[in-house]
Amino acid sequence: MDYEVLMPQFSDTMERGKIVKWLKREGEYVEKGETIAEIEAEKAIMELQSFRSGILKKILHGENEEVKVGKVIAIIEITDKPVQTKETPPKEEPKKMPEEKPKETFVKEERKELKEVKKSMAPGFASPYAKVLAKELDLDISEFQKMGKIPSPAHAKDIEKFLTERYFTPRALEIIKDYQIDPKDVISYFGERKVNEDMLITYIENNEIPKKISVSFTQKTLIENLTKSIQNPQYRITDKINASFIPYIEGITYTHWFIKIIGDSMMYFDRLRAKLKGDSYLISPNANVGVAVGIGEELYNVVIKRVNKKTLKEISEELQTLRQKAQESRLSPEDIKGATLTISNLGMFGIMQFDAILPFEQACIVAIGAIDENKTFYATFTFDHRIVNGLTGALFVKHVKERFTDKAYLKLLSKGAK
Amino acid sequence: MLYREALNLALDHAMESDPSVVILGEDVGFYGGNYKVTDGLYAKYGESRVIDTPIAENSIVGTAIGMAMVGLRPVAEIMTANFAMLAMDQIVNNMAKLRYMSGGKISLPMVVRMPQGVAKQLAAQHSQSLEHMFASVPGIYVFCASDSITAYHGLLSAIRFDDPVIFLEHVALYAWDFPFEYLKNFDPFSARIVKEGKDVTVVSYLKSLHDTLKACEQLEKEGISCEVIDLVSLRPIDFETIYNSVKKTKRLVVVHEAPKSLGLGAEISARISEELFYYLDAPPLRVCGEEVPIPYNRNLELMSIPTPEKIYRAILDWGKQNGL
Amino acid sequence: MSQTLAEKFYFLMKLGRELELRAKEEYLKGNISGFLHLDIGQEAVSVGAVVGFGKGDLFCPYREHVLALARGMDPKLIIAELFGKYTGVSKGKGGSMHLYEPKLDFYGGNAIVGAHLSHAVGAAYARKLRNEKAGVLVTFGDGATNAGSFFEAVNLAVVWKVPVLFLCINNYYAIGTRIDRVSAFKDTYLKVKDYMPAVQVDGMDVFAVYEAVIEAKKYLEEYGKPYYIEAITYRFEGHSMADKGDYRSPRELEMFKKKDPIENLKKVALEKGWLTQEQVNLMDSKIAQIVEESVEFALSSPEPPPEELYRDIYCGSVCEDIGV
């Protein structure tokens, strides 16, 4: 006679339990009420007692295994203690296992046919909003309801549908929504004629109607921060840098080199890794470099952390991932914070020289121009004067410049590029 | 982070930073709380700050009021909202009134925490949702925690307020694991838009919020886009957020576990009808508990409260009937 | 006399023990849910008191399986109720904490600590008004003696001069909080000794409980006034299934387990020749059979039909002979 030991439900919210320890081994005799295992559920360790006396015939789930409540975890063969009498044990029906119910799934009922439940009323009824909409359009709902062209009660969608059919082609109605044009104005402009796409575009051109695009949340933050940043005291240093010693390595662009070289240089200047917070400078132990990435019309300053500890290859891979994330709008707050210096490389579009606006709370932004036929380029460093003074700024630019021609250093970097 | 761990963390941080914060309630100390919310605090802060009380709810709240009157910041735990009915005199006649009656001379910086709602088969005296009883009393704030973030930040703000707060937790959520992060500007009075949508505004809180989100996921597949709002504060209710959403969607649904009659859904629907009548494209819908005591049997129990399936079905049918 | 009594006690206590052990097993299997409070270790009090009291109304808190059994409730109906089945004594709507059977003068099954104490006093008043002399037995834990309602009920019973036997089942713990941490008296009878006759008995000895109750019952019948018995006992299990009970020292538990009321009764009865080993074996196998049948009955019973959700909320009838 076998008795199934199930993963117990110690509490109402318990769905699974972990077997921490088996206190009995297979083949061992277990007394009713004896603890046979320790089970962890909801961060508490509970003791599992045996409800039958017998031999622990089989352990089905080992230690550290997580098992769903109600599953068989061991089998006890019900017997009397080996040495005792031969009395037959009380007869027992095999227990039914509680049926496993999929807990987290969504049980959809059979879909009722809904046509019959759809409300239908005498002409003249409409939702408050539908009435407001109709009034704006000078539309007599009940008149059209009597004609059977608008259902009763009428809702916003019915009015819109009616309008499309009566005054606008579907495409024209879409444009009306895009441009947030009041349909009433269009109807009065064209009279009672049905308006198609071309007519509507003419209407838009003739009336100088701007297309409204709402500012995205990230863009809003950017605008706010740039506005705040521009109020801080700043100065700029422009210099020409020689890039002729940068070797060509597949998969590594100038941007990657700039990030690495500038990041390494930052390690020699505490203030380039500093943020100004109240009365103190918070110096980061690593060089965290922001990179301006344009995706469509949006600008993202993604951050590569600990540039000083990373190889060119790692930097290139990370930038690729971040760019990808930006494209899919799934950058996390971690991906865009922590930089003290940002690099903006418009040089890749052939721009010779420009200067950039310092991102909020950062010490420096480097605006990198295009590399000319002599393999040199202009870089404009914009500093926050409260953090980096003129002397430090100049020394930093000089340091960066020298690094670009330090062959031993560049060779070392090349090794980490593959 | 588990919901109960977030609550524990809030209590811990509050006690750590302010020696005037004390906890009192049944089994909160040595035992660690019946839902393990106060686990470890007794060992850390000692029995003078984590106070085990007898089973005497009216006096738990009553003594907490006394403590608060003279400068402590007590956090009273009532084992379940069902038992808070024994403390209604202190809550309604005293906690909510003392400041007003004293012409503003007395303030009560205190919190009364309690779980409510249906867990699993705890039967009629242990399963009620009673938020509307507290939320109908001027003079107290009523906050509720739907996940670990609102649990932590909501409880911490409640403790730091100089006014009395009823802090509602849901008994079924204690062992739920939610994502957690520290927020800088958490405002317990602001409702949260937990999911954006354009066709229907669905307002909920506590566990119903998660059932609603599940239902909305399915509704999305039927082409119905729901904007889901978590109320966070039940008194006062952040109507501004609801109004803005309904102005956009033109439709309101309220989901809660408490019975429909005279529940929070009634208040919200009424306000929407008062303020936004001409914006409405459909009558408001309430998906709520049945008008019954909660039964023990699991099937009947599930029948008595909204489930994801019921919420889905109700919104779908209502949408079809009302031009969605 | 002792022979028949010993047999009766052993049968009821052992049946209670085995039925509850099985309930525990079925809970762990998921067949029973919610709060399940076991009387294991305390059977001598439940059985001794109910048998000794005989006729009269019985009011209990939520740990009432054995009290119900001793009062004559069919174990099948109890187990079916625990399973939430339609055939259960409360149609599956009450569960473990809410067994009621007015036909047996058994009035539950209350899950609000102390609430039923005033019910008992009210019932005794009503019986008195109708010249019914049997009196009322109300049981409660040590935790309840700290609740306001306890003092209110005790006072009223004295003022109204009603025959209520207050039986405190003192197991030293209110869930996880030991009595001396929250109660002014460790011996609860001291709280009322100036109001009414109040005694303390060994709750691990069924005969001691029985005799004390017989004594009390005589007093009730003779004087029509309240009486207080405190039975010192111990629960071997946690407060409910969710509680490990590990706030108690293993030594303490061992000490009380040595006083196991059932084992001790068996030993004494065998020694004194009140029972033979054969009789015991016979009863044991009968009990095993009853337990098995009860579980089978519950398993094969139907779930309550959906419409049951809306039944029993109001009785809907009108009293016709009020004569207004």
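So that you can tell them apart, the chains are marked A, B and C in the order they are listed, and the count of residues begins at 1 in each.
One rule holds for everything that comes next: contacts are C-beta pairs under 8 Å (C-beta built on N, C-alpha and C of every residue); 3 or more make two chains touch, one makes a residue touch a chain.
Source: prediction; values computed, not measured.
Under the contact definition stated at the top, the chains bordering both chain B and chain C are A. In this structure, the chain pairs A-B and A-C differ in their number of contacting C-beta pairs, and the larger number is found at A-B. Located most centrally within the structure is B, per distance between chain CA means and the overall CA mean.
If you average the Cα atoms of chain B and of chain C, the two centres end up 36 Å apart. A straight line joining the Cα centres of chain A and chain B is 28 Å long.
As a whole-number value, the distance joining the C-alpha centres of chain A and chain C reads 57 Å.
For chain B, residues touching at least two other chains, in rising order: 120-122. The set of chain A residues that touch two or more partner chains comprises 11-12, 44.
Those residues of chain C in touch with two or more other chains are numbered 33-34.
In the complex of the two chains, the chain C residues touching chain A come out as 21-22, 24-25, 27-31, 33-34, 241-242, 244, 285, 288, 292, 296, 299. Across the complex, chain B meets chain A through its residues 2, 36, 119-122, 172, 174-175, 214, 217-218, 250, 277-282, 308-309, 312-313, 317, 320-324. Those residues of chain A that touch chain B in the complex are listed here as 11-14, 42-44, 106-109, 112, 114, 117-119, 127-132, 151, 153-158.
Residues of chain B touching chain C in their complex: 26-27, 29-32, 34, 52-56, 58-59, 82-83, 86, 120-126, 290-293, 295-300, 303-304. Interface of chain A with chain C (complex): residues 6, 8-12, 44, 46-48, 51, 69-70, 90, 92-93, 95-96, 98.
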